[in-house]
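Given below, in the form of structure tokens, are the structures.
Two complexes come next, and they have one chain in common, chain A, joined by chain B in the first and chain C in the second.
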Partner chain A sequence: MPSRRRTLLKVIILGDSGVGKTSLMNQYVNKKFSNQYKATIGADFLTKEVQFEDRLFTLQIWDTAGQERFQSLGVAFYRGADCCVLVYDVNVQKSFDSLNNWREEFLIQASPSDPENFPFVVLGNKVDVDGGNSRVVSEKKARAWCASKGNIPYFETSAKEGINVEEAFQVIAKNALTIGDEEEIYLPDTIDVGSNNSQQRASGCEC
Partner chain B sequence: MASDSSSSPPSSDEEEESAGQKPNVDVKTNSIDNSLDAIENQLSSIALKTSIDERTAPSTDYDHEPVVSEIDDGSLRESVSERQRSSIGESSSSRAAGLWRNNLEVEVELEAEVDGAPSSPSSSGYAGERGSSSSVTSASGTDAIRELRDNGSSMGDDGMVPLDSSQTQWIHGKRHADEDDASISWRRRKKHFIILSHSGKPIYSRYGDEHKLAGFSATLQAIISFVENGGDRVKLVRAGKHQVVFLVKGPIYLVCISCTEEPYDSLRGQLELLYGQMILILTRSLDRCFEKNPKFDMTPLLGGTEAVFSSLIRSFSWNPATFLHAYTCLPLAYATRQAAGAILQDVADSGVLFAILMCKDKVVSLVGLQKASLHPDDMLLLANFVMSSESFRTSESFSPICLPRYNPMAFLYAYVHYLDVETYLILLTTSSQAFFHLKECRIRIETVLSKSNVLSEVQRSLLEGSMRIEDVPVDPTARSGSLFHLNQRRLATDSQERVHETFVGIGGPAGLWHFIYRSIYLDQYVSSEFASPVSGPPQQKRLYRAYQKLYASMHDKEVGPNKTQFRRDENYVLLCWVTQDFELYAAFDPLADKSVAIRICNRVCQWVKDVENEIFLLGASPFSW
Partner chain C sequence: MFETEIHDLSDDADYAAASQQGPSSKAGHGISNQSYSSEPENAEIVYLKDNVTIHPTQYATERISGRLKLVKQDSLLFMSWIPYKGQSSNARLSERDKNLYTIRAVPFADIRSIRRHTPTIGWQYVIVVLSSGLAYPPLYFYNGGVREFITTVKQHIVIVRSSEDANVFLVNNFQDPLQRTLSSLELPRTISIAKSASSSSFTNSPSDGNLERLDGGPRQKGSDAARDISIQVLEKFSLVTRFARETTSQLFRESLVDDYRANENKKSNRSSQDKPREIVSNDVRVTRSEVPVPSDPLEFDKLSLVWGKPRQPPLGPEEWATFLDSEGRIEDFTALKKRIFYGGVEHNLRKEIWAFLLGYYAHDSTYAERQHVMAVMKSEYETIKNQWQSISPEQAKRFTKFRERKGLIERDVVRTDRSLPFYEGDENPNVHLLRNILLTYSFYNFDLGYCQGMSDLLSPILFIMEDEPESFWCFVSLMERLGPNFNRDQNGMHSQLFALSKLVELLDSPLHNYFKQKDCLNYFFCFRWILIQFKREFEYDKTLRLWEVLWTHHPSEHLHLYVCIAILKRQRAKIMQEQMSFDTLLKFINELSGCIDLDAVLRDAEALCVCAGENGAASIPPGTPPSLPVEDECIYQQDDEAL
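Now for the complex of A and B:
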């Protein structure tokens, strides 16, 4: 039996197809990168155990497919997420433009209790490509968008080189954790025998 | 199965339920695409059939590509659909058999009708990557046939424990906590039970570490939610010889993955009980927590209860109460049970909702406030909870519990105290303040019980055991009205210790090996003591599974209700007889003569009636006031 309480965090990775969601996850979990593109179908799931401030927790990472035809899976997949990671490709303008849609779609489908403060993290991936020469979305522009959406943490990453991947996931875990911490007291009702049988109340326990 | 005549390979009695084959569910990559494909195929095949009446629609096979080696395919499919007919209860289910693209035989059972297949994406070519499984397919095909034949003979897992001491012998808590879905040992387990939340977070797994299984649990959620999104519900996926049974209870998803060949209805019933056990610990207020917060993590609330779940799962292979939905009593002289009942009634009148005196899993006496009914399933779950929680044994306890069949939404309070090593008293109340009152009640009860020698009678009964097949009165004139009369006679002549070991070899009259009699009005059953041909735990477990299957086939909603069944295979002759008053399940030697067996069954029923005031709790049936 677990002596110490562990927390499980559900992390959803969203973004256009081909921005490198699976590669980021692979780099983070398996420390591996492949140049070959293999489209994710539906979703892939990975788990990673992370130690953070003396606490052990498990990231359950939902790597979703970017293609639009998979969007119907949204509700099923997003429910109960602790953090949502939005990924775009700094070399593809459209993937950045889509971030707004991804975010809104997520908030609609997942309908978290406090959408304003739901933890997102934005990753601008593939900063290594062509030495940064093919880049079309500037860091400034990206940061501005993040700021406008309630100061979403932003990282520039390269799944290929492993740049900022670990750091980004640290923040993902941290942000997911802070809102997961509020505890509620579990207090179910006690049976009121009186509602079953009105006579019982009188003869109920006197103590 | 009765029709299988060929001999089956001897099964090994491993300690764990282990399958030679890994599950066909693709757990390694935790990718659901393949499964989604399969489901999608099923959906479209169902859509094709919507014009046909679903009850009569024949199952149709859709081969998406030529199957390479299908030597046994015809017979397999025949047997599969045969099995299916006897194992699926709900008549509303539409059926579709199909093949996965990678040639694995998979059938998906969906609950509601689907009006056309949802416009879900097709995953072009991806399944092909997985390929290389055609050889596996043929292997699993033949294996499935073999599995059918030696169904029940594959003991294992829980088989090592004798039926009457299962509570004391095994290690509490989870075994193999280091495993995850990538472990070969985990994949080889014969029967998995997994509970997860509707967001895919693992809550409980019989084997392995829940957190390490997070990916697997996410896959299960994705499959369930995908089907749900289409306005449907997945009940069963058949993959090779594995059955994956799903049960959705609001925000709680329960899944059983099994290659034990138990009927679908039985596995589903086990999931229901597992859910009930969780409700007993937490109530259905859980639903509200999930409504408010889908991220809700209930594992901390279940802290320390793993032994409760594993003990319940264990009882699925030895305790007939888990499928009979009836409870059993410790045999006692009528006056003794009356004396116990009187003192319990006394405290019940002072505001105790239920007062239950039990010895192991058997009821000594039980009393409830008028109109308050206690369902046998609730008793099973409550007894399991008490017996599997070590702390109840060491001190008097007061604990909130919920009786799911009584009121799933709210807590009751249980005062639990062990009067001796095996005998315990449970007093249920609605008041959280009642501890001291109940303590007083217990002291009163304990005093009366020891003065009236009830406790020593209980111990004696435990030693003497229940009905024995050797004692079935063959000569109707030599009937005795008391069970103890017989047992005492034997005690006088035999060694005190191992009474039931003395009859070796032949079983009872006409080759009777064992029987279970369930009284329908009383919600109680009596099971004969296990004697020689079924004295070992593996034989007992095999017989248990055979009874379970018999029960499921007798209660099959599509075919049944049936009145009698006589079935002979290489292991037994099984005879089942269902009337308005009782159900009798009897096992005979495989060579037993049919007419003689029937005669013996009549004798057994007569015998049970003769001694019913000693083996049953009469006049106080809690469920039929």
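Now for the complex of A and C:
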């Protein structure tokens, strides 16, 4: 089914305060890093055009406040998400321990129609810090956790150095597409995936 | 019967005098209409317009039409507007209403300014503001003629365009010689226009059969009923404003007039005041293909005209000294706060005055008492600070909550206002002070702890106070009011966002309906504004100014909510025109940061607050921050305290 329509894919970045959510978003969208970012208050998003197999998509990347106390606001921002990016700081144990909480909180608040198969991507950020010497969470441990949660794709990134950021977001966009758009594009060739239709799309497509 | 003295509207006694004047003028009722009997012998009518109408209620169908005249007598110019008798469009309008709104021969000496409004679609109108600050309700020119009106006035007296708004003409403004010169430069053109304009106004006699109402309704037989009824003065501000609000709102809701272009004009006027203005033709009606934007029911420029309180220069040392008695007490704290509301405080006085505004020092304390308080509080600060400083690494290992808090604070202070010289650079000692104060606060108020946003609130206080213990206690005072913003259950934020939605409903129902339709009534897009008091929305020095203004709690503790509405109102046309949804609205609001005109917004906020009056206050639940919390033994209730 030929489609040249531009479609919106909504991505939410979650994780503890200070793990680098804003920096990752800005590195991916603007190819820039700054030491001057302020703690995010409330929420904001950036958009980027991405192309996949001849089709254009608008990736809408949401950056939210990291403090637990603001989680209750999530319900307004998470709805209609097509992919959720969980970020931790490889140098901070607590931020890794929180991943489970962020994931569960997201599933509760966004209430996607098929929580089992909702696409997550995990990023272990700040691998550049101190040449890796201050690292406390090993890649192995992180990958094990991702595997236990239904094989969540995992990337080790540095927003500061731009390491793996592009690659990670490629996968994020692709996975967002699998649930965000599948039924819309491929449905005619598929039988009985109607259960996916109730997937909420807050912003719909921009035609 | 030109009794000019009774048009001085500056106090209530005149209102009474004006009311008394009513019966005597009613004696003239039986006199035939065409004779202009109300004008004295030597008066010359230089302008006359029929079907000039006011809308006393919110229903467009309720209107009072009348005749507007400019009369010249003994080189003085007077304006009058007399309603037609006995043909109200609606029975609900009584003769009393008509009497109330009648403008009977007000001399231009008593007029401060005239604002003209010539929307592309819909009726043109003018608002006349008197020297006393009172404004007459908008006079709608159903048959056009606003330009003629202005040019005729210009022919007879000196009026100059306001430098702030090209649609405002200032009367009796002789203070600015430059403006007068500029104005006189326009004269040749003006006269030629005025000549034709004024001549046509004379041919447009009351019996002219071509008069038609714009709304296509039956022609009013206004011509046979013109007469003076009484001299009336308009009511107080709130009434006038409510009037303007209801009227405009309903009018425009009914006719779906698109005011967007007019708003755009206003904007461009501000930036290019010197460009000659193109005067929109009286009868042009443009059909727009874009989304119609319901007009702002409050129409800002009207309001700023009605209240028109310009911002003042900040309070300086000499003036500050006059507020203190010989022992250092502030004699009239209310007056001081009011003064600060209108202009803020000079930077080098902030350290001293902020302590009073925040309530750290009692306003009736003496110099000596404050010295004492400072010493006591300094030592008390050290005591609390010592509580966390004495935690050993071994103890910290077993104190997760402390470690987490410390980590959170340390992550935030290094990204708080680091571009400011005061906080910039590696190992900046002021960043270290931020950390110390926030950690100490999280022990002083252990229940509340630390929450993101607090570092934004502390930064300006430390920048001004420069002293660690004093900054701490001032921050404590501020958090007495704003602490609930950071409650775990977010109830402080929710009550403010709720109040905001109620206030928008009250002050701009079309905008409220728009947000409702777009599922934006949670007002999360204003979350950052409220949580940290617009700290991220203005340059640093503007934030300092805004905060000291907000801390005066004049004219309301909740002025910040009216500031929100003022900003939203300035963007309402764009928001609705572009059909912003939750996402785009949030982004749009975030990106307003750094682009908000603080003085203008404060003026609007004050006007909105006065305008909302008691209804506004009633929309805000008791205890809504920054009101002090409703007394409770435990301020920050925690779940485990139930045990």
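Points to keep in mind about this one:
Basically, the second predicted complex is superposed on the first by the 178 of 207 C-alpha atoms of A that agree within 3 Å, B and C clash if a C-alpha of one lies under 4 Å from a C-alpha of the other, contacts with A are read in each partner's own complex, and residues count from 1 in each chain.
One rule holds for everything that comes next: a residue touches a chain if its C-beta (ideal position, glycine included) is under 8 Å from a C-beta of that chain, and two chains touch if they have at least 3 such contacts.
Just so we're clear, the structure is a prediction, and the values are computed from it rather than from any experiment.
By the touch criterion defined above, A:T58 reaches chain B but does not reach chain C.
In the superposed model, more residues of chain A are touched by B than by the other of chain B and chain C. When the two structures are aligned on the shared chain, A:K94 is found in touch with chain C, with no touch to chain B. Of the two partner chains placed by the overlay, neither chain B nor chain C lies in contact with A:K140. Once chain A of one complex is fitted onto chain A of the other, the partner contacts of A:F45 extend to both chain B and chain C.
Within the superposed three-chain model, A:Y37 lies in touch with chain C and out of touch with chain B [touch as defined at top]. Legend: residue contacts after superposition of the two complexes on their common chain; A:D82 is shown touching chain B, with no touch to chain C. Once the two complexes are overlaid on the shared chain, A:T7 sits against chain B while remaining clear of chain C. According to the touch criterion, the shared surface of chain A, contacted by chain B in one complex and chain C in the other, consists of residues 39, 41-45, 60, 67, 69-70, 72-73, 76-77, 203. Residues 404, 407-408, 411-412, 415-416, 418-419, 451-453, 455-456, 486, 488-490, 522, 524, 527-528, 531-532, 536, 581-583, 586-587, 590 of chain C are the ones that touch chain A when the two sit in their complex.
Of all residues in chain A, those touching chain C in their complex are 17-18, 35-39, 41-45, 60, 65-67, 69-70, 72-73, 76-77, 92, 94, 202-203.
Listing the residues of chain A that touch chain B in their complex gives 1-2, 5-8, 10, 39, 41-47, 49, 58, 60, 62, 67, 69-70, 72-73, 75-77, 79-82, 110, 112-113, 180, 184, 186-193, 196-197, 200, 203-207.
Here chain B touches chain A in the complex through residues 29-33, 36, 118-121, 123, 126, 173-174, 197-202, 211-212, 214-219, 221-222, 225-226, 228-229, 282-283, 285, 289, 292-297, 299-301, 303-304, 306, 349-353, 369, 371-372, 400, 402, 406-407, 409-413, 429-434, 436-437, going by the rule given at the top.
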